[in-house]
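Labels run A, B, C and D following the written order; every chain starts at residue 1.
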Amino acid sequence: MHFASDNWAGAHPKIAGNLVRHAGGFAAAYGASDLDNAVEKIFCEIFEREVAVFFVATGTAANALSVTAASRPGGLFFAHREAHLVEDECGAPEYLSGGTRLHPVDGELSRIDPQKLGAAIGQFDPAFIHAGQPVGVSITQSTEIGTVYSLAEIDAIAGICRDNGLPLHMDGARFANALVSLGTTPAEMTWRRGVDFLSFGGTKNGCWCAEALVVLDPAKVGEIPFLRKRAAHLFSKSRFIAAQFQAYFEDDLWLETARHSNAMAARLAGHFAASGTVRLAWKPEANEVFGIMARETAGAFQSKGAIFHPWKTPHGFAGEIGEDETLCRFVTSFATTADDVDRFGDLIA
Amino acid sequence: MHFASDNWAGAHPKIAGNLVRHAGGFAAAYGASDLDNAVEKIFCEIFEREVAVFFVATGTAANALSVTAASRPGGLFFAHREAHLVEDECGAPEYLSGGTRLHPVDGELSRIDPQKLGAAIGQFDPAFIHAGQPVGVSITQSTEIGTVYSLAEIDAIAGICRDNGLPLHMDGARFANALVSLGTTPAEMTWRRGVDFLSFGGTKNGCWCAEALVVLDPAKVGEIPFLRKRAAHLFSKSRFIAAQFQAYFEDDLWLETARHSNAMAARLAGHFAASGTVRLAWKPEANEVFGIMARETAGAFQSKGAIFHPWKTPHGFAGEIGEDETLCRFVTSFATTADDVDRFGDLIA
Amino acid sequence: MHFASDNWAGAHPKIAGNLVRHAGGFAAAYGASDLDNAVEKIFCEIFEREVAVFFVATGTAANALSVTAASRPGGLFFAHREAHLVEDECGAPEYLSGGTRLHPVDGELSRIDPQKLGAAIGQFDPAFIHAGQPVGVSITQSTEIGTVYSLAEIDAIAGICRDNGLPLHMDGARFANALVSLGTTPAEMTWRRGVDFLSFGGTKNGCWCAEALVVLDPAKVGEIPFLRKRAAHLFSKSRFIAAQFQAYFEDDLWLETARHSNAMAARLAGHFAASGTVRLAWKPEANEVFGIMARETAGAFQSKGAIFHPWKTPHGFAGEIGEDETLCRFVTSFATTADDVDRFGDLIA
Amino acid sequence: MHFASDNWAGAHPKIAGNLVRHAGGFAAAYGASDLDNAVEKIFCEIFEREVAVFFVATGTAANALSVTAASRPGGLFFAHREAHLVEDECGAPEYLSGGTRLHPVDGELSRIDPQKLGAAIGQFDPAFIHAGQPVGVSITQSTEIGTVYSLAEIDAIAGICRDNGLPLHMDGARFANALVSLGTTPAEMTWRRGVDFLSFGGTKNGCWCAEALVVLDPAKVGEIPFLRKRAAHLFSKSRFIAAQFQAYFEDDLWLETARHSNAMAARLAGHFAASGTVRLAWKPEANEVFGIMARETAGAFQSKGAIFHPWKTPHGFAGEIGEDETLCRFVTSFATTADDVDRFGDLIA
């Protein structure tokens, strides 16, 4: 009963298999191989326009280099206070960007409230250098707690960015899960809304290690080739990332794995609803389910082999968590089986 | 006839195979899996002592984080002027360390001259803050041009470090090639000589992407866990690096691949000696061979399918390169075949 | 009617005079002169212990270098959300420290609430590197809005620092105003409570430019000499700062000027209370007075020559500000005259 | 007999006097006062065009912020290997610019050799990101050893900058000394040649602390207001710098003081020539004189009250320094008297 995180899974067999297929032979290093080029073209097809793709080692790198690319001295980057780049990256965005400040914005269920975003940016008068200058906005799709921004919500945030001349970054560590949840296309969910920089994650959805910083308008690439190299994120055998993405995209494998993990999340949520022991905290929209249960009950489940973690109450959570209760996170992945979910369902019934 | 670089090769079948073997199942992320722990233990066995191992995405990361770990404000890090961290890392060591300066030191055939190192360090009076403070020394084993420091030479440099209270870093992007060249042990080539931080490279010698910063005395780990995470180099599915290293070390595969590529280099050098068209620039001690030939001849070889690059004349090169001649680098790897080498031998004969 | 800021004043005649007195002759540069040494000794006497004194160009430099000195990778520095280093330093602390994050803490009237500080620090598990590590706490004395921490309040915060192994920094841009407000001694207000690093400001209280980073326990100086030089804050003719501080301390001039400006603030507050047009927002404890008045009225006063600025409502302000009203800040200084204050009293009567 | 450095002098009486004149009254802080504006206008007159002026605390700050303003990721800034920003700023340029590398260039008597500069820049292929990218060139006028670039030499270097699309910075810590040495105008020595950024120093030539980063084409100001504030170099009582510069420029005081100190240097050099004990190392072109003498003799002079320092042999010095000899530096300033020079002349006669 593995619900600790989607990064506890390994690699999808088709992805591992493609790595083996490309293990032999010689090819140009540092992203110049034919395979690298071919995979960049696939990205362009998927996004229905020319995009620039930079493989990096981690989602944190894609996020932090996006912040760095967008930043200017005294810069303030706006993100939800529970965003991964605020809470889980050990200050990488601040460090790699040379001191850009992450300015937290509130909003229910980990989604930035556009009004609050507008107000937060509005506090900063461009002529008052003492307070610094707004340089960008980041949203997470899907969010850290398994909710998803609707296209209209992305529009609202992108509009504020446009009004303030700020680039919009999307942390897509779970991009595919959001995409299939909305039933939309990569183009619709990103640049057609106004997203400029995208951290495109493949690792959580079936790859070993496949992350890319996608610049949706190549005219905005700027110094990113140098930024990546200087941050020690230019792989020499870059084609081993390319090979993963090639298999990831082939025959829409990535959408299939994302649909599967979202379906497993919904199935788990169904078990919560049917159980007498666990309350669903909010409706899962991607591959994360949050349940409220007695602390003692949680311990009992864990001692019977269920792996999951307590989580901190998100900002603006309207429900109630009793003193003896705990909020817990359950993450599903391409590797989660219906059997495993149902076994947990039986346990909590 | 592939001699462009050892990072143009792919992955050794045993390494690719082990990745597949570990593709399934669930395991703790961020370096906490059983496999991660098991591989750390293998490192300890190989180095004959407890060491701390930090996987990172690139050799540049291992180098730059070593510099960062050792550095202090106004810091000067001494390295050969042709070292990879000086010439090929786009300022990553300076950037990630917050401005440490790389102070170039001369020496023949890419090896630091101990006397010149002592003189260079001696210029800096610790009480004169204007000039900054020495904070460390880095050597490359094997060097960028395929030469190797003898144990006595490492001793001499380590002695200077000790006298000046400076840590010694070894860039071991081609560690195995140097090791089998000297016929010594990892312990003898590192901490028994006085090496504190080691960039241990597996990528060039048969892995897809397997690099580690090895702290040879765990008491010196300091803030490295934070440094790595903050530089966005902590892999979530860390075990995919561990799996590569596991196969790399099993049955001494790494020594076998290194011996093979060194042998291919020697074979190539033999062809140079026998040919009338290419002069061996200096004796290869690892897996890189440098030849001097007429510029026109080089072009002719390349047009017949040989892949290799011109190289800049190293500091202190005693030989002569005519006006119409060019110095070229040939790199062999685990994937180089005797056939390919001999075909080039025939070409230049 | 000058109430814009205490940094709109010039220099006290005795301080300007002492600069002239020391204009001639030759003396060692970079802080090594006899005068520099003599003034360091005066600091030691004033603080009743050996302290280390580093002159810098601005209060921002003293703050940011304190953060830098205390910081470690992935570091979080806790300060009130309205602190100068959070709101008015254009990211200098983040930038100079290489990316340390300022973690905002709440508390009424710009004073950190010790309970909230404890809770904020307690969120960070030292073993969970993803979230970063707490590295220090900063308080401002007197605060940005003219309130003062009591000795007991400093004790409470210092206790939390001790419990968590964190250094405590005090931003003393208006140190003297707080000191005479509490009627205590420098030693009592700082190291006897547990303050480690102090930004000691002289500029706002009568100097041209005299700021110092005072390390209250010289054993904690660490790399500060290099940090200061590397940040380009080591003056060559350092004695021109020393000369200002010499006059500042002579015959307790600094306490006299601080008492004067605090008295002018109290006098102004008295006028507010007596007036029908301005409500005192909260009791001034140092040299800043905040009044609430109709927006139109404020404009009228300004058009009659009163210089003061609207201010943003501080966190936890219990009073009420009507829709047509504005909160305004009035700052007094050594140069404020009773006449000027009374003229404004007449205006608002 | 004070020849240690021009920063051992104090302040010229007219400059100290002007500070006192501006000590009273109230004025807008952070560079917005009438006096600040008036002094900016004087700069524009002196440079015969609109320029942007940023006061900072030290020459190191002006240099390092110029590097920062010009820099880009992986940047290489070219300067003479004996330049102040290479040898005497504790890594401030690297640190404040986020890791830009200072690439040393050779040239006789501390002047960059244009051919060597062209060759050094030419090594870097803009398409090869591994090696980084050239971002600027810095020259020092007058140099660290009292030599001066002719206008033709500046032209040659500026031409190379233009050809490579690089900005040119001039470290003018001793700008006035060079100016009067060449008998030219500020415009001719800077922007008419192609200088973009100028560190304009007043401190060594009679001010207490008056340094400015002058952007010779305001269109190139970019983010400097933020860069300065973020580096903690925006003075609150900025007008105390303005007041110094006002007096500095009034009635060409600055040219007079520079002429005086150059004349004192020439007088000292004359004594060297006449003496039997000291050999002039090279012809002084500004306010620094270098002499070669027996080590023992130097000690004897010092013990009789002469203050001067041994200096390291500059790159490309054609003369000879015997084993028992030492090269020593003598610096004159506005405060040096002919009497003092002659007393030393008597001593060495």
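FYI, a contact is a pair of C-beta atoms (placed from the backbone, for glycine too) under 8 Å apart; a residue touches a chain by one contact, two chains touch by 3 or more.
As the structure is a computational prediction, the values presented were derived from the model and not from experiment.
The chain with its Cα centroid farthest from the Cα centroid of subunit B is C.
Between B-C and A-C, more C-beta contact pairs join the chains of A-C. Distance between subunit C and subunit D, defined via averaged C-alpha coordinates, is recorded as 34 Å.
With each centre defined as the average position of its C-alpha atoms, the distance from subunit B to subunit C rounds to 51 Å. A straight line joining the Cα centres of subunit A and subunit C is 41 Å long.
Touching of two or more other chains is recorded for residues 73-74, 89-91, 95-96, 98-99, 129-130, 132, 226, 229-230, 234 of subunit C. By the touch criterion given at the top, residues 30, 72-74, 98-99, 129-130, 132-133, 223, 225-227, 229-230, 234 of subunit B touch subunit C in their complex. Of all residues in subunit A, only 2, 4-5, 7-13, 16-17, 19-20, 22-29, 56-61, 64, 89-92, 95-96, 203-204, 208-209, 226, 229-237, 239-240, 307, 335 touch subunit B in the complex they form.
Contacts from subunit D toward subunit B in the complex involve residues 73-76, 87-91, 94-102, 129-132.
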